[in-house]
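One chain, subunit A, links the two complexes that follow: it is found with subunit B in the first and with subunit C in the second.
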Partner chain A sequence: MAQAQTTEHVGLARVLGPAHIWALGVGIVLVGEYMGWNFSVGKGGAYAALMACWFAGILYTCVAMIDSEVTSTVAAAGGQYTQAKHIVGPLMAFNVGLYLVFAYTMLEAANAITFGFLIDTVATMSGHEAGSLDQRPFIILAIMFLAWLNYRGVLATLTFNLVITAIAFTAVIVLFLSTSGIFTDSPLRHTELMSGPAAMPYGWLGVLAAMHFGLWYYLGIEGTTQAAEEVRSPARSLPFGTLAGVMTLAIAATLTWYVCSGLMPWEYLGQAGVPLFDAARLSGSTFLMVFLGIGTMFATLASANGCINDASRAWFAMGRDRYLPGWFGAVHPRYRTPYRAIIFLVPIALIFALGAPIDQVITFSILSGLLEYTFMPLNIILFRRKWPLESINRGYEHPFHPLPAYVLLGLCGMTFFAVFLGYGTQLVAMIAFYIVVSLWFHFWRYRFVNRGAQFTMPWPKPRGY
Partner chain B sequence: MAKYVAPVQGKVGQIIDVIVLLIMAIGALYIPLWMGLAGSSKDPQPVENPTWESLGQNPAMVEQWEKLGYSDAASAAELITARFDYSFSITALIVMIVVIVGYYAILLRFSEKEYREVIAEKFGE
Partner chain C sequence: MDLWNYLEYAAWAASFLFGLFIVIDWIRTDSTYSEDFLTSSREGELEALTEEQHHHRG
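Then we have the complex of A and B:
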């Protein structure tokens, strides 16, 4: 403990710019275009998945607008956790911290599973007997390597992310340009593949149900705020990086849907493990197949890398405030990273990467994200009420308040219903967990937390208190 | 308001707290899996002697299935016929709504109580 007491006062290094923020946000999420989004096709058909993509785009635009305003003012590690601590209260902050940790750790596990699946697919295509490759060593190695990278320093980690995210994004653009018919004959066959019952196999209920995995197109973009304490100019970089990230993803998501739905029957696409790689295979081009294979690998690694970064910051911030044992609140004296939090979360990611089916892991991640998005409208309404615009300087003020908050709340309600359709047990189990853990925090854990010291922002007293 | 001084938690207490949290988290995520309650309600519908036509596949779809490695209708039948069951009871829906709303109500109520203590200590009554 003596060491923890001395090291935790070392601050995180302020070394990141807007491009790193973009890379952190898009890097985490871009894998959503490479895998997982297509389960929305399985839940409602191809048209339903496109509508879900755009509705989810509106949801995340609201998230980015709200988040940018609050984060441009609350520039500290922990992102939404720190926001909740200053605006709503400690119990909400504890829950939000857990949402972040579980959303990102489950996403990291899903990435590792996909990485293993891709290696298996490539091995099979190379003549290896189908399904006989043991994927586990690749899953373990991927997680361990990225955790080591995170341990060594945030600048190297996010510079690595910037490079591999740019390559993965370029692969999506190249696939679209190569198959769209702009330069050569297009192999896309939307009319035939989406005709008759294939158009809307579940009717309008399917559109609603597709919102469940529609979130996967963008899930994690809000993670940009986790780096708030390591950004050189938070008031400028965070809104710019986050909003640019949402725009990038909306474009990439639509292009991905367009190419994949024009190449695969919806029944196959709805359960494919690596849909963009499959699309490249179906294009008939070896170059595209190799490029998209590399893109898939890079996207999974970039996402897992960003997830380790974000989950560990949230865990670290909770440890620093004693919401969790203070031992986790230590910063590495040399690398200035939250190294104990990084190491601690590795086995948890491995437990799920090695032991749970991918759609379950993705659903756990989506549910944690959804609970977090439901908190955001409450957060911004209380923020504006307690600190009106003229009371503190904001780096960014989002327009049309409170409309984005109400739209976000409505879309979250819709998505809860979508998850309920098919995955209701997980929904109830997860909320039951958060209720139990909230009672544990309120009646036990909170006694170890100093009261006034939690409030660290240089703000005036909130109105109404 | 008198300043609250939090007790220092010992190493054993810290370890126990982490273990409790881990058990709750892993339990919440894994118990539905172990009990077979988790997962989608997507089940394949058995079809005897399936053909591409009987599975509702047009020539363009068949061509893509074949490129994907499904050389005949039987090999793809399970994928094609699997459907989600979206039927649900109103009672289950109401239970879900009550659980979610109740959860946020607990959060906001307890948070407000804790927050007032924080503000009182930070800024004075």
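Then we have the complex of A and C:
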């Protein structure tokens, strides 16, 4: 073994295919279809929620296209952090890395809280005294089980995600087919529920405000890039899995909106905890109720699972480059996973899952994600300028450049304003936090960065340098 | 005590076991292998190889 250690090295295992990428991206997001998106109905009514759904769909299509081009070329763990490191610079990379870890760890905590709530709901429905169940062991179990799975290997982790995500997605399709009137009489009542003052209760300002929660339909699809160092064929699998993922979500989001807005008045739908499950209950079918209940549970677990995977890869990549202590850059020799990064993030997720209110946790996740999306247009414009199409091979070239970048920037600006309307204090606090840590990185941490080893892509010199 | 109370205890126990497995394996791994070996992963190895092959073919 000693001999082997001096001559060999250990890295992440390249074992994933396009289906795993799809499962990672859609798995993180699909929970947003099961719950959360409907708060956009509360902000502006059902039509506003549909417009927010499609505007956010455009935003995320731009994200997916831009991400696919850059990450099929910068195929390494860390995703957008590694992209920023190569294309923009160290300070941007440090910030983007933190956005990623915060966005995914907070989302993981929110999913674990939701899992505890769902178990409590099932217990109450089965006759257990309401409110007497201790949710904590179930919250902790969700995090510990998924951390253990991630620790043991990426192939099993994302195959598990593939199975439970496919079941959760199928549940949405089955609910739509059962209620749409194709096979039986439809219980949907769009005309009655969406006419008169219910059409646009807060006018166009409501549409703008709805954008905040419109992100939930797709938030996290960009996480596919974190698997770049573990896919067998990054140039093919990453664009394919990511773009198929965003199409899946656009379909699931629209079907979800269609069924829920046809069954529930906007005043109720806008504050429902589990709208798809409620829709299944209102359909009157026990089969649909059980299927959508399982779908809700699976979507929650798939999201938390993908978040552990992505947050640990970003943390690991930063450790490997010494942006953080190099201790975090270790790979398990047998399981080939970033095991120390996975372990380190477990107590952080537990603290937020057990000690913070869910709306605050989710808002910090959304804000970190939004800051990351704002970085992307800058990233792709610089990428195309420094390394034009003919200078390096790309697995995917996104069309109509720079239009998607400008559209993405505009939509991000609009969403920042929408978030500011509802959570201005958190937005300011978050930006202040990133300014403080940026100063810490610039004046202290950067001296430890492994500067010579951080640019790994075999590219020519950037144009103009 | 009903089924859900037992499930609460089962969830505590399972969480503890998963945590225990992780911690034992972590300690065992760190004490078996050298730090240089564990942190020997390097970014972009496959990309360098692919680009090299591409240039050779070209």
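Quick note on the criterion: the second predicted complex is superposed on the first by the 456 of 465 C-alpha atoms of A that agree within 3 Å, B and C clash if a C-alpha of one lies under 4 Å from a C-alpha of the other, contacts with A are read in each partner's own complex, and residues count from 1 in each chain.
The rule is simple: a contact is a pair of C-beta atoms (placed from the backbone, for glycine too) under 8 Å apart; a residue touches a chain by one contact, two chains touch by 3 or more.
All of these numbers come straight from a predicted model, not from anything done at the bench.
Enquirer: I want to verify the contact counts: of subunit B and subunit C, which reaches more residues of subunit A?
Expert: If we count touched residues of subunit A for both partners, the winner is B.
Enquirer: If you stack the two complexes on chain A, which partner ends up touching A:E192: first (subunit B), second (subunit C), both, or neither?
Expert: After superposition on chain A, A:E192 lies in contact with subunit B alone.
Enquirer: Applying the touch criterion given at the start, work out whether A:G326 contacts subunit B, subunit C, both or neither, answering first, second, both or neither.
Expert: Touch partners of A:G326: subunit B and subunit C.
Enquirer: Look at A:I343 in the shared chain and tell me whether it touches subunit B only, subunit C only, both, or neither; answer first, second, both or neither.
Expert: In the superposition, A:I343 touches subunit C alone.
Enquirer: Tell me which partner A:P137 touches in the superposition: subunit B (first), subunit C (second), both or neither.
Expert: In the superposition, A:P137 contacts subunit C only.
Enquirer: Once the structures are superposed on A, label A:K461 by its partner contacts, choosing first (subunit B), second (subunit C), both or neither.
Expert: first
Enquirer: Based on the A-chain superposition described above, do subunit B and subunit C contact any of the same residues on subunit A, and if so which?
Expert: Correct list for subunit A: 1, 326-327.
Enquirer: For the complex, which residues does subunit A have touching subunit B?
Expert: Subunit A reaches subunit B through residues 1, 42-43, 88-93, 95, 98, 102, 189, 192-193, 195-198, 201-202, 205-206, 209, 263-265, 267-268, 271, 278, 281-282, 322, 324-327, 348, 351-352, 355-357, 359-360, 364, 374, 378, 416-417, 420-438, 440, 442, 445-452, 454-455, 461-462, 465.
Enquirer: If we count contacts the way the header does, which residues on subunit A are in touch with subunit C in the complex?
Expert: My answer: residues 1, 5, 8-12, 14, 75-78, 82, 123, 126-128, 133-134, 137-138, 140-141, 144-145, 147-148, 151, 229, 234, 317, 320-321, 326-327, 329-334, 339-340, 343, 346, 393, 453, 456-458.
Enquirer: Under the stated contact criterion, what part of subunit C meets subunit A in this complex?
Expert: Per the stated touch rule, the residues are 2-4, 8-9, 11-12, 14-15, 18-19, 21-22, 25-26, 29, 32-48, 51-52, 54.
Enquirer: Over in the complex, which subunit B residues touch subunit A? Could you list them?
Expert: For subunit B paired with subunit A, touching residues are 3-9, 11, 14-15, 17-18, 20-22, 24-33, 37-42, 56-61, 64-65, 67-68, 76, 79-80, 82-86, 88, 92-93, 95-96, 99-100, 102-104, 106-108, 110-123.
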